[in-house]
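Chain lettering (A, B and C) follows the sequence in which the chains are written, and residue indices restart at 1 in each chain.
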(Lines give C-alpha, C1' and ligand atoms only; values in the text may rest on other atoms or scores of the structure.)
Protein backbone atom coordinates (compact mmCIF):
# COMPACT_ATOMS: atom_id res chain seq x y z
CA UNK A 1 0.00 0.00 0.00
CA UNK A 2 1.56 3.30 -1.10
CA UNK A 3 1.57 6.29 1.23
CA UNK A 4 -1.04 8.91 0.44
CA UNK A 5 0.26 12.37 1.23
CA UNK A 6 -2.69 14.13 -0.34
CA UNK A 7 -6.46 13.74 -0.40
CA UNK A 8 -7.61 11.98 -3.56
CA UNK A 9 -9.78 13.56 -6.20
CA UNK A 10 -12.90 11.42 -5.94
CA UNK A 11 -14.86 12.82 -8.88
CA UNK A 12 -12.94 10.56 -11.28
CA UNK A 13 -14.83 7.60 -9.83
CA UNK A 14 -18.18 9.23 -10.50
CA UNK A 15 -17.16 10.15 -14.04
CA UNK A 16 -16.08 6.58 -14.76
CA UNK A 17 -19.32 5.21 -13.31
CA UNK A 18 -21.36 7.61 -15.44
CA UNK A 19 -19.39 6.69 -18.55
CA UNK A 20 -19.99 2.98 -17.93
CA UNK A 21 -23.75 3.56 -17.50
CA UNK A 22 -23.93 4.83 -21.08
CA UNK A 23 -22.36 1.54 -22.19
CA UNK A 24 -25.21 -0.40 -20.59
CA UNK A 25 -27.72 1.79 -22.42
CA UNK A 26 -25.87 1.37 -25.71
CA UNK A 27 -25.52 -2.41 -25.45
CA UNK A 28 -29.20 -2.86 -24.59
CA UNK A 29 -30.30 -0.67 -27.49
CA UNK A 30 -28.02 -2.67 -29.77
CA UNK A 31 -29.76 -5.90 -28.78
CA UNK A 32 -33.18 -4.26 -29.32
CA UNK A 33 -32.01 -3.27 -32.79
CA UNK A 34 -31.33 -6.80 -33.99
CA UNK A 35 -34.98 -7.89 -33.98
CA UNK A 36 -36.35 -4.52 -35.08
CA UNK A 37 -37.81 -3.42 -38.42
CA UNK A 38 -35.70 -1.14 -40.69
CA UNK A 39 -37.78 1.86 -39.58
CA UNK A 40 -37.39 0.97 -35.91
CA UNK A 41 -33.66 0.36 -36.37
CA UNK A 42 -33.24 3.93 -37.65
CA UNK A 43 -34.92 5.28 -34.55
CA UNK A 44 -32.99 3.03 -32.15
CA UNK A 45 -29.75 3.99 -33.91
CA UNK A 46 -30.50 7.65 -33.11
CA UNK A 47 -30.80 6.76 -29.43
CA UNK A 48 -27.50 4.87 -29.54
CA UNK A 49 -25.86 7.96 -31.06
CA UNK A 50 -27.27 10.01 -28.17
CA UNK A 51 -25.73 7.58 -25.68
CA UNK A 52 -22.48 7.86 -27.64
CA UNK A 53 -22.53 11.66 -27.37
CA UNK A 54 -23.07 11.47 -23.60
CA UNK A 55 -20.23 8.97 -23.27
CA UNK A 56 -18.07 11.29 -25.35
CA UNK A 57 -18.78 14.18 -22.98
CA UNK A 58 -17.96 12.01 -19.97
CA UNK A 59 -14.61 11.13 -21.58
CA UNK A 60 -13.88 14.79 -22.32
CA UNK A 61 -14.69 15.72 -18.70
CA UNK A 62 -12.32 13.00 -17.46
CA UNK A 63 -9.52 14.16 -19.78
CA UNK A 64 -10.06 17.80 -18.84
CA UNK A 65 -9.99 16.99 -15.12
CA UNK A 66 -6.97 14.78 -15.66
CA UNK A 67 -5.07 17.65 -17.27
CA UNK A 68 -6.09 20.18 -14.64
CA UNK A 69 -5.77 18.03 -11.52
CA UNK A 70 -2.40 17.97 -9.84
CA UNK A 71 -3.03 14.90 -7.68
CA UNK A 72 -5.03 12.07 -9.23
CA UNK A 73 -6.35 8.98 -7.42
CA UNK A 74 -4.30 6.70 -9.69
CA UNK A 75 -1.47 7.09 -12.18
CA UNK A 76 -2.47 9.55 -14.88
CA UNK A 77 -1.60 7.01 -17.59
CA UNK A 78 -3.97 4.45 -16.08
CA UNK A 79 -6.81 6.96 -15.84
CA UNK A 80 -6.14 7.92 -19.45
CA UNK A 81 -6.04 4.27 -20.53
CA UNK A 82 -9.27 3.47 -18.69
CA UNK A 83 -11.11 6.51 -20.06
CA UNK A 84 -10.13 5.88 -23.66
CA UNK A 85 -10.94 2.17 -23.42
CA UNK A 86 -14.42 3.03 -22.10
CA UNK A 87 -14.77 5.46 -24.99
CA UNK A 88 -13.78 2.77 -27.51
CA UNK A 89 -16.45 0.37 -26.22
CA UNK A 90 -19.12 2.92 -27.07
CA UNK A 91 -17.61 3.94 -30.40
CA UNK A 92 -17.52 0.38 -31.73
CA UNK A 93 -21.08 -0.38 -30.60
CA UNK A 94 -22.19 2.88 -32.23
CA UNK A 95 -20.33 1.95 -35.41
CA UNK A 96 -22.01 -1.46 -35.58
CA UNK A 97 -25.42 0.16 -35.17
CA UNK A 98 -24.66 2.79 -37.82
CA UNK A 99 -23.56 0.14 -40.30
CA UNK A 100 -26.75 -1.88 -39.79
CA UNK A 101 -28.78 1.17 -40.85
CA UNK A 102 -26.32 2.45 -43.45
CA UNK A 103 -26.10 -0.89 -45.27
CA UNK A 104 -29.86 -1.51 -44.96
CA UNK A 105 -29.15 -5.10 -43.91
CA UNK A 106 -32.10 -7.36 -43.07
CA UNK A 107 -31.91 -10.20 -40.60
CA UNK A 108 -28.39 -10.86 -39.36
CA UNK A 109 -26.84 -14.31 -38.78
CA UNK A 110 -28.05 -15.89 -35.51
CA UNK A 111 -24.61 -15.74 -33.88
CA UNK A 112 -24.66 -11.92 -34.02
CA UNK A 113 -27.18 -12.06 -31.16
CA UNK A 114 -24.60 -14.02 -29.13
CA UNK A 115 -22.02 -11.31 -29.81
CA UNK A 116 -24.39 -8.59 -28.61
CA UNK A 117 -25.39 -10.60 -25.53
CA UNK A 118 -21.74 -10.74 -24.50
CA UNK A 119 -21.50 -6.96 -24.93
CA UNK A 120 -24.57 -6.47 -22.72
CA UNK A 121 -23.05 -8.64 -20.00
CA UNK A 122 -19.67 -6.89 -20.28
CA UNK A 123 -21.38 -3.49 -20.01
CA UNK A 124 -23.31 -4.53 -16.88
CA UNK A 125 -20.20 -5.94 -15.22
CA UNK A 126 -18.24 -2.80 -16.08
CA UNK A 127 -20.95 -0.49 -14.74
CA UNK A 128 -21.03 -2.50 -11.49
CA UNK A 129 -17.23 -2.44 -11.21
CA UNK A 130 -16.55 1.26 -11.76
CA UNK A 131 -17.96 2.44 -8.40
CA UNK A 132 -15.86 -0.25 -6.68
CA UNK A 133 -12.69 1.51 -7.92
CA UNK A 134 -13.08 3.77 -4.88
CA UNK A 135 -12.78 0.92 -2.39
CA UNK A 136 -10.87 -1.47 -4.72
CA UNK A 137 -13.43 -3.98 -3.46
CA UNK A 138 -13.60 -7.40 -5.16
CA UNK A 139 -12.55 -6.14 -8.59
CA UNK A 140 -10.72 -9.33 -9.58
CA UNK A 141 -13.98 -11.25 -10.13
CA UNK A 142 -14.91 -8.51 -12.57
CA UNK A 143 -11.80 -8.57 -14.74
CA UNK A 144 -11.55 -12.37 -14.68
CA UNK A 145 -15.15 -12.67 -15.88
CA UNK A 146 -14.76 -10.02 -18.60
CA UNK A 147 -11.63 -11.78 -19.87
CA UNK A 148 -13.59 -15.04 -19.93
CA UNK A 149 -16.44 -13.39 -21.83
CA UNK A 150 -14.03 -11.83 -24.34
CA UNK A 151 -12.48 -15.22 -25.09
CA UNK A 152 -15.97 -16.59 -25.62
CA UNK A 153 -16.83 -13.64 -27.90
CA UNK A 154 -13.65 -14.26 -29.87
CA UNK A 155 -14.61 -17.91 -30.48
CA UNK A 156 -18.14 -16.88 -31.53
CA UNK A 157 -16.68 -14.26 -33.86
CA UNK A 158 -14.35 -16.71 -35.61
CA UNK A 159 -17.10 -19.34 -35.99
CA UNK A 160 -19.41 -16.67 -37.37
CA UNK A 161 -16.80 -15.44 -39.83
CA UNK A 162 -16.12 -18.98 -41.13
CA UNK A 163 -19.86 -19.64 -41.38
CA UNK A 164 -20.52 -16.42 -43.33
CA UNK A 165 -17.72 -17.19 -45.79
CA UNK A 166 -19.17 -20.68 -46.26
CA UNK A 167 -22.83 -19.77 -46.59
CA UNK A 168 -23.06 -16.28 -48.09
CA UNK A 169 -22.46 -16.31 -51.84
CA UNK A 170 -23.22 -12.62 -52.43
CA UNK A 171 -19.84 -10.94 -51.82
CA UNK A 172 -21.38 -7.51 -51.21
CA UNK A 173 -23.75 -8.85 -48.55
CA UNK A 174 -20.78 -10.71 -47.08
CA UNK A 175 -18.81 -7.45 -46.93
CA UNK A 176 -21.68 -5.69 -45.14
CA UNK A 177 -22.14 -8.43 -42.53
CA UNK A 178 -18.39 -8.76 -42.07
CA UNK A 179 -17.99 -5.11 -41.13
CA UNK A 180 -20.85 -5.27 -38.65
CA UNK A 181 -19.60 -8.37 -36.85
CA UNK A 182 -16.05 -6.97 -36.87
CA UNK A 183 -17.26 -3.78 -35.16
CA UNK A 184 -19.02 -5.92 -32.52
CA UNK A 185 -15.83 -7.95 -32.02
CA UNK A 186 -13.83 -4.74 -31.59
CA UNK A 187 -16.33 -3.61 -28.96
CA UNK A 188 -15.73 -6.84 -27.03
CA UNK A 189 -11.97 -6.28 -27.28
CA UNK A 190 -12.44 -2.76 -25.92
CA UNK A 191 -14.32 -4.13 -22.88
CA UNK A 192 -11.35 -6.40 -22.23
CA UNK A 193 -9.03 -3.37 -22.43
CA UNK A 194 -11.21 -1.68 -19.80
CA UNK A 195 -10.86 -4.74 -17.57
CA UNK A 196 -7.08 -4.81 -18.13
CA UNK A 197 -6.85 -1.13 -17.20
CA UNK A 198 -8.77 -1.81 -13.98
CA UNK A 199 -6.47 -4.77 -13.22
CA UNK A 200 -3.42 -2.55 -13.75
CA UNK A 201 -4.81 0.03 -11.32
CA UNK A 202 -5.73 -2.60 -8.74
CA UNK A 203 -2.33 -4.29 -8.89
CA UNK A 204 -0.58 -0.97 -8.26
CA UNK A 205 -2.87 -0.23 -5.32
CA UNK A 206 -2.41 -3.65 -3.71
CA UNK B 1 0.60 28.82 -15.06
CA UNK B 2 3.30 26.40 -13.93
CA UNK B 3 6.67 27.63 -12.76
CA UNK B 4 9.45 27.33 -15.30
CA UNK B 5 12.74 26.63 -13.58
CA UNK B 6 14.60 25.99 -16.83
CA UNK B 7 14.78 27.53 -20.31
CA UNK B 8 12.59 25.61 -22.75
CA UNK B 9 13.92 23.74 -25.74
CA UNK B 10 12.39 25.78 -28.56
CA UNK B 11 13.43 23.62 -31.50
CA UNK B 12 10.47 21.32 -30.92
CA UNK B 13 8.21 24.10 -32.19
CA UNK B 14 10.20 24.41 -35.40
CA UNK B 15 10.17 20.65 -35.93
CA UNK B 16 6.40 20.51 -35.46
CA UNK B 17 5.91 23.42 -37.86
CA UNK B 18 8.12 21.73 -40.46
CA UNK B 19 6.26 18.45 -40.05
CA UNK B 20 2.91 20.19 -40.56
CA UNK B 21 4.17 21.89 -43.72
CA UNK B 22 4.67 18.49 -45.33
CA UNK B 23 1.02 17.73 -44.59
CA UNK B 24 -0.06 20.77 -46.61
CA UNK B 25 2.08 19.59 -49.52
CA UNK B 26 0.69 16.06 -49.26
CA UNK B 27 -2.97 17.12 -49.07
CA UNK B 28 -2.61 19.45 -52.06
CA UNK B 29 -0.93 16.76 -54.15
CA UNK B 30 -3.71 14.36 -53.17
CA UNK B 31 -6.33 16.75 -54.52
CA UNK B 32 -4.31 17.20 -57.75
CA UNK B 33 -4.26 13.44 -58.09
CA UNK B 34 -8.04 13.01 -58.20
CA UNK B 35 -8.48 14.71 -61.58
CA UNK B 36 -5.24 13.43 -63.07
CA UNK B 37 -4.65 10.77 -65.73
CA UNK B 38 -3.27 7.36 -64.65
CA UNK B 39 0.21 8.37 -65.85
CA UNK B 40 0.05 11.70 -64.03
CA UNK B 41 -1.25 9.98 -60.88
CA UNK B 42 1.85 7.78 -60.82
CA UNK B 43 4.10 10.83 -60.96
CA UNK B 44 2.10 12.76 -58.33
CA UNK B 45 2.14 9.68 -56.09
CA UNK B 46 5.95 9.74 -56.21
CA UNK B 47 5.91 13.34 -54.97
CA UNK B 48 3.52 12.42 -52.15
CA UNK B 49 5.92 9.64 -51.13
CA UNK B 50 8.73 12.20 -51.04
CA UNK B 51 6.66 14.44 -48.75
CA UNK B 52 5.98 11.36 -46.61
CA UNK B 53 9.71 10.64 -46.32
CA UNK B 54 10.41 14.21 -45.23
CA UNK B 55 7.61 14.04 -42.66
CA UNK B 56 9.06 10.74 -41.45
CA UNK B 57 12.46 12.37 -40.93
CA UNK B 58 10.85 15.25 -39.04
CA UNK B 59 9.13 12.76 -36.73
CA UNK B 60 12.38 10.88 -36.17
CA UNK B 61 14.16 14.14 -35.32
CA UNK B 62 11.42 15.00 -32.81
CA UNK B 63 11.60 11.55 -31.18
CA UNK B 64 15.38 11.65 -31.06
CA UNK B 65 15.38 15.12 -29.48
CA UNK B 66 12.63 14.02 -27.11
CA UNK B 67 14.74 11.12 -25.89
CA UNK B 68 17.92 13.18 -25.56
CA UNK B 69 16.43 16.35 -24.08
CA UNK B 70 16.16 16.50 -20.31
CA UNK B 71 13.78 19.44 -20.16
CA UNK B 72 11.04 19.59 -22.79
CA UNK B 73 8.66 22.50 -23.41
CA UNK B 74 5.64 20.27 -22.65
CA UNK B 75 5.05 16.86 -21.11
CA UNK B 76 7.03 14.24 -23.02
CA UNK B 77 3.87 12.17 -23.54
CA UNK B 78 2.10 15.11 -25.19
CA UNK B 79 5.03 15.79 -27.50
CA UNK B 80 5.10 12.11 -28.38
CA UNK B 81 1.32 12.05 -28.96
CA UNK B 82 1.47 15.16 -31.16
CA UNK B 83 4.42 13.89 -33.21
CA UNK B 84 2.90 10.49 -33.89
CA UNK B 85 -0.51 11.98 -34.74
CA UNK B 86 1.17 14.30 -37.28
CA UNK B 87 2.98 11.27 -38.67
CA UNK B 88 -0.30 9.35 -39.01
CA UNK B 89 -1.92 12.15 -41.02
CA UNK B 90 0.79 11.80 -43.63
CA UNK B 91 0.84 8.00 -43.62
CA UNK B 92 -2.89 7.70 -44.31
CA UNK B 93 -2.80 10.31 -47.11
CA UNK B 94 0.17 8.48 -48.60
CA UNK B 95 -1.69 5.17 -48.32
CA UNK B 96 -4.75 6.56 -50.12
CA UNK B 97 -2.52 7.84 -52.93
CA UNK B 98 -0.66 4.54 -53.21
CA UNK B 99 -3.91 2.59 -53.41
CA UNK B 100 -5.25 4.81 -56.22
CA UNK B 101 -2.18 3.91 -58.29
CA UNK B 102 -1.88 0.31 -57.09
CA UNK B 103 -5.53 -0.52 -57.87
CA UNK B 104 -5.45 1.40 -61.17
CA UNK B 105 -8.82 2.95 -60.31
CA UNK B 106 -10.34 5.42 -62.76
CA UNK B 107 -12.60 8.27 -61.73
CA UNK B 108 -13.54 8.16 -58.06
CA UNK B 109 -17.01 8.94 -56.63
CA UNK B 110 -17.64 12.71 -56.43
CA UNK B 111 -17.72 12.75 -52.63
CA UNK B 112 -14.06 11.68 -52.49
CA UNK B 113 -13.18 15.23 -53.57
CA UNK B 114 -15.07 16.49 -50.50
CA UNK B 115 -13.03 14.18 -48.29
CA UNK B 116 -9.77 15.48 -49.75
CA UNK B 117 -10.90 19.10 -49.48
CA UNK B 118 -11.41 18.62 -45.74
CA UNK B 119 -7.90 17.17 -45.49
CA UNK B 120 -6.45 20.20 -47.31
CA UNK B 121 -8.24 22.56 -44.90
CA UNK B 122 -7.15 20.54 -41.86
CA UNK B 123 -3.54 20.57 -43.09
CA UNK B 124 -3.58 24.36 -43.57
CA UNK B 125 -5.10 24.95 -40.13
CA UNK B 126 -2.57 22.61 -38.54
CA UNK B 127 0.38 24.28 -40.28
CA UNK B 128 -0.88 27.67 -39.09
CA UNK B 129 -1.37 26.41 -35.53
CA UNK B 130 1.98 24.70 -34.93
CA UNK B 131 4.06 27.90 -34.70
CA UNK B 132 1.47 29.29 -32.24
CA UNK B 133 2.39 26.49 -29.78
CA UNK B 134 5.27 28.72 -28.70
CA UNK B 135 2.98 31.53 -27.54
CA UNK B 136 -0.11 29.35 -26.95
CA UNK B 137 -1.86 32.12 -28.88
CA UNK B 138 -5.48 31.57 -29.98
CA UNK B 139 -5.16 27.82 -30.41
CA UNK B 140 -8.73 27.04 -29.37
CA UNK B 141 -10.17 28.34 -32.68
CA UNK B 142 -7.89 25.85 -34.38
CA UNK B 143 -8.91 22.73 -32.50
CA UNK B 144 -12.60 23.66 -32.47
CA UNK B 145 -12.54 24.10 -36.26
CA UNK B 146 -10.63 20.86 -36.88
CA UNK B 147 -13.11 18.96 -34.71
CA UNK B 148 -15.94 20.52 -36.71
CA UNK B 149 -14.28 19.54 -39.99
CA UNK B 150 -13.70 15.98 -38.79
CA UNK B 151 -17.38 15.58 -37.90
CA UNK B 152 -18.24 16.84 -41.37
CA UNK B 153 -15.73 14.43 -42.92
CA UNK B 154 -17.27 11.59 -40.92
CA UNK B 155 -20.74 12.35 -42.27
CA UNK B 156 -19.40 12.57 -45.84
CA UNK B 157 -17.60 9.26 -45.36
CA UNK B 158 -20.70 7.42 -44.15
CA UNK B 159 -22.88 8.85 -46.93
CA UNK B 160 -20.20 7.88 -49.45
CA UNK B 161 -19.96 4.35 -48.06
CA UNK B 162 -23.74 3.84 -48.22
CA UNK B 163 -23.82 5.27 -51.75
CA UNK B 164 -21.03 2.98 -52.97
CA UNK B 165 -22.73 -0.09 -51.54
CA UNK B 166 -25.95 0.97 -53.26
CA UNK B 167 -24.56 1.88 -56.65
CA UNK B 168 -21.47 -0.25 -57.28
CA UNK B 169 -22.37 -3.79 -58.32
CA UNK B 170 -18.81 -4.95 -59.02
CA UNK B 171 -17.60 -6.18 -55.61
CA UNK B 172 -13.93 -5.90 -56.52
CA UNK B 173 -14.27 -2.29 -57.62
CA UNK B 174 -16.25 -1.68 -54.43
CA UNK B 175 -13.40 -3.17 -52.39
CA UNK B 176 -10.86 -0.91 -54.11
CA UNK B 177 -12.89 2.28 -53.61
CA UNK B 178 -13.72 1.28 -50.03
CA UNK B 179 -10.08 1.02 -49.05
CA UNK B 180 -9.24 4.37 -50.59
CA UNK B 181 -12.07 6.27 -48.90
CA UNK B 182 -11.30 4.50 -45.61
CA UNK B 183 -7.67 5.66 -45.79
CA UNK B 184 -8.89 9.24 -46.39
CA UNK B 185 -11.26 8.93 -43.41
CA UNK B 186 -8.41 7.69 -41.23
CA UNK B 187 -6.35 10.71 -42.31
CA UNK B 188 -9.18 13.01 -41.14
CA UNK B 189 -9.30 11.15 -37.82
CA UNK B 190 -5.54 11.64 -37.47
CA UNK B 191 -5.91 15.40 -37.96
CA UNK B 192 -8.46 15.38 -35.13
CA UNK B 193 -5.95 13.52 -32.94
CA UNK B 194 -3.41 16.25 -33.68
CA UNK B 195 -5.95 18.87 -32.60
CA UNK B 196 -6.75 16.91 -29.44
CA UNK B 197 -3.05 16.68 -28.59
CA UNK B 198 -2.73 20.46 -29.02
CA UNK B 199 -5.79 20.97 -26.79
CA UNK B 200 -4.28 18.72 -24.12
CA UNK B 201 -1.06 20.74 -24.18
CA UNK B 202 -2.90 24.08 -24.08
CA UNK B 203 -5.12 23.01 -21.17
CA UNK B 204 -2.08 22.01 -19.12
CA UNK B 205 -0.36 25.31 -19.89
CA UNK B 206 -3.39 27.41 -18.98
CA UNK C 1 24.68 8.28 -18.94
CA UNK C 2 22.09 8.73 -16.19
CA UNK C 3 23.02 8.15 -12.57
CA UNK C 4 21.83 4.86 -11.13
CA UNK C 5 20.95 5.20 -7.45
CA UNK C 6 19.42 1.74 -7.22
CA UNK C 7 20.18 -1.76 -8.44
CA UNK C 8 18.23 -2.59 -11.57
CA UNK C 9 15.60 -5.28 -11.79
CA UNK C 10 17.24 -7.70 -14.21
CA UNK C 11 14.39 -10.15 -14.67
CA UNK C 12 12.80 -7.88 -17.27
CA UNK C 13 15.59 -8.83 -19.66
CA UNK C 14 14.90 -12.53 -19.21
CA UNK C 15 11.18 -12.02 -19.70
CA UNK C 16 11.75 -10.09 -22.93
CA UNK C 17 14.15 -12.76 -24.20
CA UNK C 18 11.61 -15.50 -23.40
CA UNK C 19 8.84 -13.57 -25.13
CA UNK C 20 10.98 -13.15 -28.26
CA UNK C 21 11.76 -16.87 -28.35
CA UNK C 22 8.05 -17.62 -28.79
CA UNK C 23 8.09 -15.34 -31.84
CA UNK C 24 10.78 -17.47 -33.45
CA UNK C 25 8.68 -20.58 -32.82
CA UNK C 26 5.57 -18.90 -34.21
CA UNK C 27 7.23 -17.58 -37.37
CA UNK C 28 8.82 -20.95 -38.15
CA UNK C 29 5.51 -22.78 -37.68
CA UNK C 30 3.85 -20.20 -39.94
CA UNK C 31 6.32 -20.98 -42.72
CA UNK C 32 5.76 -24.74 -42.22
CA UNK C 33 2.05 -24.09 -42.57
CA UNK C 34 2.24 -22.60 -46.06
CA UNK C 35 3.26 -25.84 -47.78
CA UNK C 36 1.17 -28.10 -45.57
CA UNK C 37 -2.04 -30.00 -46.31
CA UNK C 38 -5.34 -28.72 -44.83
CA UNK C 39 -5.19 -31.41 -42.13
CA UNK C 40 -1.58 -30.58 -41.27
CA UNK C 41 -2.37 -26.86 -41.24
CA UNK C 42 -5.00 -27.46 -38.55
CA UNK C 43 -2.46 -29.23 -36.39
CA UNK C 44 0.28 -26.64 -36.97
CA UNK C 45 -2.23 -23.88 -36.19
CA UNK C 46 -2.83 -25.50 -32.79
CA UNK C 47 0.89 -25.30 -32.06
CA UNK C 48 0.98 -21.64 -33.09
CA UNK C 49 -1.88 -20.97 -30.68
CA UNK C 50 0.14 -22.66 -27.92
CA UNK C 51 3.11 -20.39 -28.70
CA UNK C 52 0.69 -17.45 -28.62
CA UNK C 53 -0.58 -18.47 -25.16
CA UNK C 54 2.99 -18.70 -23.84
CA UNK C 55 3.82 -15.29 -25.31
CA UNK C 56 0.65 -13.94 -23.70
CA UNK C 57 1.76 -15.23 -20.30
CA UNK C 58 5.20 -13.68 -20.76
CA UNK C 59 3.54 -10.33 -21.51
CA UNK C 60 1.30 -10.62 -18.45
CA UNK C 61 4.33 -11.41 -16.28
CA UNK C 62 6.14 -8.34 -17.64
CA UNK C 63 3.12 -6.09 -17.02
CA UNK C 64 2.62 -7.50 -13.53
CA UNK C 65 6.29 -6.99 -12.64
CA UNK C 66 6.18 -3.53 -14.18
CA UNK C 67 3.27 -2.56 -11.95
CA UNK C 68 4.80 -4.02 -8.81
CA UNK C 69 8.41 -2.94 -9.33
CA UNK C 70 9.38 0.45 -7.97
CA UNK C 71 12.64 0.78 -9.88
CA UNK C 72 12.70 -0.51 -13.45
CA UNK C 73 15.80 -0.87 -15.67
CA UNK C 74 14.30 1.56 -18.22
CA UNK C 75 11.43 4.02 -18.35
CA UNK C 76 8.18 2.24 -17.53
CA UNK C 77 6.61 3.54 -20.75
CA UNK C 78 9.38 2.03 -22.85
CA UNK C 79 9.07 -1.33 -21.14
CA UNK C 80 5.33 -1.19 -21.68
CA UNK C 81 5.79 -0.20 -25.34
CA UNK C 82 8.31 -3.00 -25.93
CA UNK C 83 6.17 -5.63 -24.22
CA UNK C 84 2.99 -4.78 -26.11
CA UNK C 85 4.83 -4.57 -29.44
CA UNK C 86 6.26 -8.06 -28.84
CA UNK C 87 2.75 -9.22 -27.99
CA UNK C 88 1.36 -7.74 -31.23
CA UNK C 89 3.93 -9.61 -33.36
CA UNK C 90 2.60 -12.89 -32.02
CA UNK C 91 -1.07 -11.91 -32.23
CA UNK C 92 -0.88 -11.00 -35.91
CA UNK C 93 1.05 -14.16 -36.84
CA UNK C 94 -1.53 -16.17 -34.89
CA UNK C 95 -4.35 -14.35 -36.67
CA UNK C 96 -2.88 -15.10 -40.10
CA UNK C 97 -2.57 -18.78 -39.20
CA UNK C 98 -6.14 -18.91 -37.84
CA UNK C 99 -7.52 -17.32 -41.01
CA UNK C 100 -5.73 -19.84 -43.23
CA UNK C 101 -7.54 -22.64 -41.40
CA UNK C 102 -10.82 -20.78 -40.87
CA UNK C 103 -11.18 -19.83 -44.54
CA UNK C 104 -10.02 -23.27 -45.74
CA UNK C 105 -7.78 -21.59 -48.33
CA UNK C 106 -5.66 -23.79 -50.56
CA UNK C 107 -2.32 -22.72 -51.97
CA UNK C 108 -1.51 -19.07 -51.30
CA UNK C 109 0.13 -16.66 -53.79
CA UNK C 110 3.90 -17.20 -54.02
CA UNK C 111 4.74 -13.81 -52.50
CA UNK C 112 3.12 -14.85 -49.19
CA UNK C 113 6.17 -17.05 -48.62
CA UNK C 114 8.35 -13.93 -48.96
CA UNK C 115 6.23 -12.18 -46.32
CA UNK C 116 6.64 -15.09 -43.92
CA UNK C 117 10.38 -15.34 -44.59
CA UNK C 118 10.77 -11.71 -43.50
CA UNK C 119 8.84 -12.48 -40.31
CA UNK C 120 11.14 -15.43 -39.58
CA UNK C 121 14.22 -13.23 -40.03
CA UNK C 122 12.71 -10.44 -37.89
CA UNK C 123 11.89 -12.94 -35.14
CA UNK C 124 15.45 -14.33 -35.13
CA UNK C 125 16.99 -10.85 -35.02
CA UNK C 126 14.64 -9.85 -32.21
CA UNK C 127 15.39 -12.97 -30.16
CA UNK C 128 19.12 -12.29 -30.58
CA UNK C 129 18.73 -8.63 -29.61
CA UNK C 130 16.64 -8.98 -26.44
CA UNK C 131 19.44 -10.40 -24.26
CA UNK C 132 21.70 -7.57 -25.46
CA UNK C 133 19.36 -5.05 -23.77
CA UNK C 134 21.26 -5.81 -20.59
CA UNK C 135 24.59 -4.62 -21.96
CA UNK C 136 23.12 -2.32 -24.67
CA UNK C 137 25.69 -4.04 -26.88
CA UNK C 138 25.52 -3.44 -30.64
CA UNK C 139 21.76 -2.99 -30.80
CA UNK C 140 21.82 -0.46 -33.64
CA UNK C 141 22.65 -3.16 -36.23
CA UNK C 142 19.51 -4.91 -35.05
CA UNK C 143 17.06 -2.04 -35.39
CA UNK C 144 18.58 -0.82 -38.65
CA UNK C 145 18.23 -4.31 -40.17
CA UNK C 146 14.64 -4.78 -38.92
CA UNK C 147 13.67 -1.40 -40.37
CA UNK C 148 15.22 -2.45 -43.68
CA UNK C 149 13.34 -5.74 -43.62
CA UNK C 150 10.05 -4.00 -42.82
CA UNK C 151 10.46 -1.67 -45.80
CA UNK C 152 11.11 -4.72 -47.97
CA UNK C 153 8.03 -6.45 -46.50
CA UNK C 154 5.97 -3.36 -47.23
CA UNK C 155 7.01 -3.39 -50.91
CA UNK C 156 6.24 -7.12 -51.16
CA UNK C 157 2.85 -6.55 -49.54
CA UNK C 158 1.85 -3.79 -51.96
CA UNK C 159 3.01 -5.77 -55.02
CA UNK C 160 1.09 -8.78 -53.72
CA UNK C 161 -2.06 -6.75 -53.14
CA UNK C 162 -1.96 -5.28 -56.66
CA UNK C 163 -1.30 -8.72 -58.13
CA UNK C 164 -4.21 -10.30 -56.26
CA UNK C 165 -6.61 -7.59 -57.39
CA UNK C 166 -5.40 -8.14 -60.97
CA UNK C 167 -5.45 -11.91 -61.06
CA UNK C 168 -8.16 -13.12 -58.68
CA UNK C 169 -11.62 -12.77 -60.16
CA UNK C 170 -13.49 -14.49 -57.31
CA UNK C 171 -14.17 -11.63 -54.88
CA UNK C 172 -14.70 -13.96 -51.91
CA UNK C 173 -11.38 -15.72 -52.46
CA UNK C 174 -9.81 -12.28 -52.87
CA UNK C 175 -11.29 -11.21 -49.52
CA UNK C 176 -9.89 -14.31 -47.81
CA UNK C 177 -6.38 -13.89 -49.21
CA UNK C 178 -6.46 -10.15 -48.53
CA UNK C 179 -7.11 -10.64 -44.82
CA UNK C 180 -4.33 -13.19 -44.51
CA UNK C 181 -1.69 -11.07 -46.23
CA UNK C 182 -2.84 -8.01 -44.25
CA UNK C 183 -2.37 -9.90 -40.98
CA UNK C 184 1.16 -10.85 -42.10
CA UNK C 185 1.87 -7.23 -43.02
CA UNK C 186 0.66 -6.09 -39.59
CA UNK C 187 3.01 -8.63 -38.00
CA UNK C 188 5.93 -7.09 -39.91
CA UNK C 189 4.85 -3.63 -38.74
CA UNK C 190 4.78 -4.91 -35.16
CA UNK C 191 8.36 -6.16 -35.46
CA UNK C 192 9.35 -2.67 -36.58
CA UNK C 193 7.59 -1.23 -33.50
CA UNK C 194 9.65 -3.59 -31.35
CA UNK C 195 12.83 -2.32 -33.02
CA UNK C 196 11.72 1.31 -32.54
CA UNK C 197 11.06 0.65 -28.85
CA UNK C 198 14.55 -0.82 -28.49
CA UNK C 199 16.03 2.21 -30.28
CA UNK C 200 14.16 4.55 -27.93
CA UNK C 201 15.55 2.71 -24.91
CA UNK C 202 19.09 2.67 -26.32
CA UNK C 203 19.04 6.38 -27.17
CA UNK C 204 18.00 7.25 -23.62
CA UNK C 205 20.74 5.05 -22.17
CA UNK C 206 23.48 6.48 -24.39
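Everything that follows uses one rule, which is that a contact is a pair of C-beta atoms (placed from the backbone, for glycine too) under 8 Å apart; a residue touches a chain by one contact, two chains touch by 3 or more.
If you want to know which protein each chain is, UniProt gives these names: A, B, C = Phosphate transport regulator.
Note that the structure is predicted; figures quoted are calculated from it, not measured.
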- Through what angle, between 0 and 180°, must chain B be rotated so its C-alpha atoms fit those of chain C, rounded to a multiple of 5? 120
- Message: Validating interface symmetry: for the copies chain A and chain B, is the fraction of residue numbers used by both over half? Same or different.
- Response: different
- Query: Distance-wise, how many Å sit between the C-alpha centres of chain A and chain B, to the nearest whole number?
  - Reply: 27
- Touching two or more other chains - residue numbers and ranges from chain B: 77, 171, 175
- Item | Residue ranges of chain A in contact with chain B within the complex | 63-64, 67-68, 77, 98, 102-103, 171-172, 175-176
- Given the complex, residues on chain C that touch chain B span 77, 158, 161-162, 165, 169, 171, 174-175, 178, 200, 203-204
